C-alpha cells in the first residue's frame, strides 16, 4: 500500500504523544508519551526510507531506539528519585520553583 | 612618534586612581595626599598641553594615532583643538579643588570591617572620572569617545550613590533610599542616552565605514561620502539625544537636581562643572562636526528647547527650598545658554559657549563648594534653616555672595563675558531668541539674591549662631577660584585666543557665515 | 506516487550488498572529541576500580588533563590551518572540521575546564563529619533528609561521577557544532543532554528543588528532542539524505542525480519548511530562546550552581554553533523564509528576557533571564547572515561564557546556614562586608549590561554591527532598548550590594580554594581583556568565520 | 607728561581702596576709613589735575583717550578696556570724586559707632570706582560694567545693615529693578552690534546717519529703559523709596547726587542717537514729565524725611530727563541741573542724616519740630539747600531749573506748552513739599517724646567731620548755579559734546522766570498755611485719597506685589509641581509600566512543567505556521 499513509500515521502518533505530554500529570506517563513521539519519528524514518529506497532512514531508526533506551535509563532514574523523595510522580506537584 | 603627551595627561590620573585605591585602609590621610598629588601633577601636564598647543597651528594638535580594534574600524586617535585644551585645563584645574573640598567627606563614620575603605574609594573614583573626562575631551575617534563617554558613568554612579551628602533631610533610612534613587536615576538617564547613541554610532559605521572624526569630515568635504538626508538626521538625533541628556537640556534634565542634591558638594561640582561639559563639548565637536546639515535642520527646535531650559531652569531655581537643588536648576538654565550659543552658529555665540563652559565650571564650583561648607556646618540643605549667617561668618557669606554674583553673571566676573557673547551671538542671527534669553539675566538675579537674602541676611538664627567662619583649607579652595573668576572676567583674552581658531573651524564645518552689521562703522 | 514506482524502489532496495568497506576515520582531526570521550570512559572505569578516597583526586586529575590535552589538540589543529585552508569534512561526512567548529570546540573546552574547577571546589560547604564536601550530593540514590543520606555523608561518600558525566557532556558538545549530518546532530544533542539532566539532580543542598529541576529539564528536553527528531525525519523525507551537504544541494536545487522519488518529495516544500522549523525549534530550546525558554529559570535555579554555570556557558556555545551551521550550511537557500521568523524570535527573546528579569528576586533566576536576553542578542548576530555575523557570534559566545561561569562561581561563595544565599535580599550590603567579591561580581554585571571596557560591550557591539550591516537595523534598535531595560536590573543588584545597609543576619562570604579563585580570576581577566584589547580575539573569530561545506 | 595716562588712575585709586579694605581684614579696622577717604580724595586730586590740564587746551582737543588693553577679542567682536575723558566725563568725574570725598569725610563721623565701618568704606570706594568707570568708558559695554558695578555697590550699601530684613529686601529690590533696566542696556548694545558692528561711542555716534530711524528708535527706547532703571524714573522708580533703608551718606551720595543721575548721563552721551530718533526723544520727555510730577506728589505725602527727599530726588531727575529728552536745547541744562542738584540734594541728605544722628535715628518728621535751636549749623546748611532746590532767586537751583522750564517751552508746539506747564507745576509742588519738610523739621514746637524704653532724644549738633562737608556742599548749592550761568560758561564748556542750540521759545525768558517765581510763592504759602500756622499732629491724619495713595508711592508697590510677586510665586510653585509630576512623571511612569508588565509576564512562569510544554508546543506551532506563511506571501 501507499507508504504516504504511514507518514500520516506517524504524524498522528506524534500528535497523540505530544498531546499526552501536555495533558497527563504522571511523570511516567508523560515520559511514555515522549517515547511514543520518538517512535512516531521512527515510523516516519522507515517510511521515508522506503520511499527513497535508501537505507539511511532504517539505520537512523536503530540509532533512535538506542537513544530512547538511554533516555529511559536516565529519565527513570531521575523520576524514581523524585518519586522516592516526594512519594508522588505527579509533574504538577513538582512546582517549588516558579515566577 | 614623540612623547604621547595627551595619553599621559589622561593616564596619570588613572594611575593615581589605582594607586590611591591600593592604599591600605588605615592610611586614610596618605590616600588623600596621594590623590591630591596626582591631581596636581595632572594639572601640571595640562598646563604643558596648553603651552605646547599653538592656537594658530593645525586644527588638531599633539595628535596620537594607533590602531586599536581594526575589526570595528576603531583607532586610538587623540588630538586637541583650542576648545579641548580649554576644557582639559578646566578639568585638571577643578579636580584638586574638588579633592581638597571633599577632604573629609568620605571619612568613615565608624570604623567598619578592616577591608571597607570608603576614603580610598572616594578619591580613587574622582581621579578615575578625571581620567575618563580628559580622554573624552581628547578623543578624535567617535568610538573611542563613546567608550569613555559611557564608562565614566560608572565611577560617577558610585560617587553619587556611595558617598551621599550627610546633611540630608529626614531619616537615615530614607536618606540612603533617596541617594540610591538619585544615583540610579543618573545612571539610567545617561545609559539610555548612551545606548541610543550606540545605535547611532553603529549606524555611522555602516554609513561611513570608520570612526575617525577627521577622515569622515574630509570624506564629507570632498564628497566621497554623502549621507542621505534622513540617515544624517537620524544619526544626528541619536548623538544629540545622548548629549542632551548629559548636558542636560529640558526636558531631559530631571536627573540633575536629584543627583546634585544627594551627592556631596564636591561630587555635585564634579557632575555639573566637569562631567556635564562633555555633553556640550560633544555637541560642538561631534554633532556639528559630523552632521552639519542635520544640525542646521534641527537648530530651530534646539533653540526653543534651550530657551525653555534657560527660563524654566531659572524659574524652578526660584522655587527651590533646597540650596543644592537650587544651584542644580541654575545650572540647567546656564546649560541652556551654552547650547543656545552653540546652535546660534555665530562666532560670538560659539566662542561664548565655549568660554561659558569654562566660566560656568569655575563659578558653579565656587558657589557650590561654599554652599557645601555652609551645609556641612549646619547639617541641613534647607534654605529655611539658615539666616543671618553673614553676621557670624562674614568671610563665608562674602565668598558665597561672590559665587552668587558670578552665577548671575555680573560684569567684571568671568561668566558675564561668556553670557554676553552668547547673547550677542544669538541676537545677531535670531533677535527674538536673543531678547527672550535676556530675561534669563533678570531671573538669575532673582534666584541668586533670594538665596543670599534668605540664608545670609536677617536676624541670626539660633542654630547658626555658633557657626565658625571658613577654615584655612576651605579658604584655600575658594580664594583661587574667586581670583580666577575676576581675572577671566577682566582679561579673558588668553582663553578667547585659544578658542577663536577652533570656532572658526567649526563655523566652516557647518558652512555658516556670521551675519554682517548693516553699517560698516568707521573704525 | 504510483505503486509501480514503489515497486521499483523495492526491487532496487533488495539488491544484495556484497561488501561493505570499512569507514575511514581521520583520528587526528577528531582528536579533541576522542580524547574527551576516552577520558570519560576512563572516568567510569575509575569509579569502578579506584578506592573511594582517591577517586576525587584521580577523577579531577584525569578530567583536567583530558581537557587540557583536548584543548591542545584543538590549538594544534587550528595552527595546522585545519580551520581555514585545510578545513575538511571528516569521519565520512559525519563531522566537519573547520574554523567555527574549532573555535567553538576551543571555547567549550576552556569553559569546561574552568567549570570543572568549580565542580571540584570543596572548601565552601562546612566540613561534614570530618570530610570536605563539594556542592554535590553524597549519594544520589539516597532520599533527601533520610538516614541513608546522613550515613552516606558520614561515610564521606561523594558523587565523583560528576566528572565523567561532565566529560561526556563536553564530548557531546564538541560534536554538536561540528556535526555535519542530522543524525550526528541528534546523537550529539542527546549525548550532551542526558549527562546534564543527571548533573542537575545532584545538588547537595535543596535537593528537592534540584530533583525537580532535573525532572523538568529532562521531560522538556526529551519533548524538544522529539520535535527535533521528527523534523530530521521530515528533512530526510524531503531530501532523501541527512547529510548537510546533500540536503543543502537539494534545497538549492543544485543536486546532480534526481531519482523520481526525490523528484516527488523535492516538490513538497511543506516537508522542508516544517522539518526545518522543528529542528530549529529544538536548537532554540537549547539556547533558551523565547518561547522555548521556560525551563531555563527553574533549571538554573534548581541545579547545583557549578552545573548551572557550566550549562549556561557551554550549552549555549554548542547550541548556537549547531544553529549557525544548520542555518548557514543547510538552509541558506531558505534564508528569506527563516530570517523574518528568527527576527521575531530574537525580538521577543531580547525583550522578554530583559523585561521579566526586572522583577526577579533570586539571583540565579535573575542570571537565567539575563542569559535569555543574551540569547536574543546573539540571535541578532545569527540573523546577519554574513561572514561577519558568524564571527561576531563566535566572539560573543566566547566572551559571554567566561563571564557567566565567573558570575555563577561568585554566587557559590555567598552562603548562609541553608547553603548558598541566592535570595537578592540576602545580598544587601555585600559591598560593605566584602568589597572584593562585590566588586568582582559588579564587574561581571557590568559586562552583562554591556558597559564599555568590558567584554560584554565588545560582543554586543560586534553582533549589533553585524546585524546593522546585514540590514537588520530594526533589531539593533530593539536590542538597544532591551539593553536599557536590562541595565536596570543589573544596576539594581549593584545598588543592593553597595548602597544598602548590610543585614545583621546577612550571609557570609566563604573563602574559596584556588580552584574557584582561578575560575573567577579567568572570568575577570577575560572580561577586561576582551573589553579593552579585543582585537586579537576578533581576528581569531574572524578567521574562523567560514563553514566548510 | 602725558596726561591721558592718568585717566586709569582715576578708577584705579578707589578700586585699590576697595580691594584693600574688603580683603584687608580686621587689622585695618582702625585706619580703614582714612584709607578710603584718602584714596577717594586722591582720585579727586587727579581729576583736578586733568581738569586744569584740559582747560589749558583748546575746546577741540579736550577729548582724551586712553586704551588699556583689548578686553574680549572674538571673531567680528571687539571690546576694549579704553577710557574717554571729554568735558562731559570731566564734569562727572569732578562731581563724583568731589561729592564722594566729602561724603567719605562725613561718614567717618556718621558711622563711628558701627563695627563694620571698614567694610562700609570699602563699599563706598567700590562705588566710586564703578561710577568713574561708568562715566569714563569709551564704549557701551565697558559702560555696562560700570553700570552694573554701581548697581552692585548700591545693593551692598542699601543692605549694609543686613540684619534688618527690611534693608535686605530693599537692597534686593533695588538690584532686581535695576536688572530690568540693565536688560534694556544690553539689548541696546546688541542692537548696536548688529547695526554698526561695534559699540564704541565714537563709531556708533558718528554713523547714526547711516541706518534706519526705526533701528535708532529701538536703540533709543532700550537706552531709555536702562535710564529708567538706574535713575528711578517711572515705571521703574519703585526701588528708590525703599533704598532709603541704607545709611544716610549712601542716600546722599548714591541715591541723590551721583548714581541715580547715570541715566541722564547715558541719554546725553547718546545724544546723536536720540537726535536722529524723535519718537524715542518724545518718549524720554514724557517719562521725565510724568516722573517729575510723580516724585513731587509722593514727596508731598511722606512723613519719613528721607523718603520725602527721595521723592524729591525722583522728581528733580525727572526734570533732567525731561531736559535731556528735549535734545540739543536741553542737554546742557540737564547736566547743569544734575550738577547743582548734586550739591544741594547731597547737602539736604547730609542735613537729614545729621538730624537723625541727633534724634536717635528717628526719621518721622512729625516727631521733629523746632530743631533749629538745637542744631544751628544743620539748620543753616539745610536751609540753604532748601532755598536752592525750590529755585530761590540767585541760588543754584534757580538757574538750572529755570533754564529747563524755558527749554521745555522752547520745545515748541503743543508738546512745548504741555511740557513747560508740567515743569512749572512741578516747580510749584517742589516749593510746597520742601517747605513742608523745612517747617516740620526745624520750626514749630518740639514734638518728640521718649520712646518705648524711656530714653528721650537729646538733639545736638553733629561733630565737625559731619558739619564741614555739609557746609561745603551748602556753599556749592548757593553759588554753583550762578557761577555756571555767568556768561553761559557751562554751556560753552559742554558745547563740543552736546552741541547746544537755542530753541525758539514762545515765551521770553523773563516771562518764564516770572511765572516760576509766582508758582514758587504759591507753593510756599500753601505749605505755610498747612504746616506753619497750625500745630502739626504727631500722628498723621488719614488724609485725602490722593494723600493716602501718595504715601504708598501711588500704589506702585501694591501693583508690583499683586502682579509680579504673587504671580511669580504662583508660576514657580506650579512649575515645580509640573517638573515633579509631568516631566519626571512621564519617565517614572514608563519605568513603572515596564515593571508592571514584568510582574504580569512573570506569572506565566507558574512552575508547572506541563504549561512550559504548552508554551513550547504553541511556540513550535507558531514557528511552523510563520515559516509556511513566509513562503506563502
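The letters A, B, C and D name the chains in turn, as written, and every chain counts its residues from 1.
Heads up, the rule we're going with is that a residue touches a chain if its C-beta (ideal position, glycine included) is under 8 Å from a C-beta of that chain, and two chains touch if they have at least 3 such contacts.
Protein names from UniProt, one per chain: A = NADH-quinone oxidoreductase subunit K; B = NADH-quinone oxidoreductase subunit M; C = NADH-quinone oxidoreductase subunit N; D = NADH:ubiquinone oxidoreductase subunit L.
Predicted, not measured: the structure shown is a model, and the values here were computed from it.
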| item | value |
| --- | --- |
| Chains contacting each of subunit A and subunit D, listed by label | C |
| Of C-D and A-C, pair with higher C-beta contact tally | A-C |
| Innermost chain, taking as reference the mean of every protein Cα atom displayed | B |
| Averaged-CA centre spacing for the pair subunit C and subunit A, given as whole angstrom | 24 |
| Rounded Å distance between subunit A and subunit B, as computed from the means of their C-alpha atoms | 65 |
| Inter-centroid spacing, subunit D versus subunit C (mean Cα positions, whole Å) | 81 |
| For subunit B paired with subunit C, centre-to-centre distance based on mean C-alpha positions, whole Å | 46 |
| Where subunit C touches two or more other chains, by residue | 215-216, 219, 223, 227, 297-298, 488 |
| Touching two or more other chains - residue numbers and ranges from subunit B | 188 |
| Interface hub residues of subunit A, defined as touching at least two other chains | 18, 21, 30, 91, 94-98 |
| All chain pairs that touch each other | A-C, A-D, B-C, B-D, C-D |
| Subunit C-touching residues of subunit D, taken from the complex the two chains share | 591, 594-595, 597-599, 601-602, 604-605, 607, 609, 611-613, 615-616, 618-620, 622-624, 626-628, 630-631 |
| Subunit C-touching residues of subunit B, taken from the complex the two chains share | 67-72, 112-113, 115-117, 146-148, 150-151, 153-154, 157-158, 161-162, 176, 179-180, 183-184, 187-188, 191-192, 195-196, 198-199, 202-203, 205-206 |
| Contacting residues of subunit C [partner subunit B, same complex] | 432-436, 446, 451-453, 457-458, 461-462, 464-465, 468-469, 473, 476-477, 480-481, 483-484, 487-488, 491-492, 495, 498-501, 533-535, 538-539, 542 |
| Residues of subunit D that touch subunit B when the two form their complex | 22, 69-77, 81, 141, 144-145, 147-149, 152, 155, 159, 162-163, 165, 167-169, 172, 175-176, 179-180, 182-183, 186-187, 189-191, 193-198, 202-204, 206-207, 210-211, 215, 568, 571-573, 575-576, 579, 583-584, 587, 591 |
| Subunit D contact footprint on subunit B (complex, rising order) | 188-189, 250-251, 253-254, 312, 315-316, 318-320, 347-348, 351-352, 388, 390-391, 398, 405, 410-412, 416-417, 420-421, 423-424, 427-428, 431, 434-435, 438-439, 441-442, 445-446, 449-450, 453, 456-460, 490-493, 496-497, 500, 503-504, 507, 514-523 |
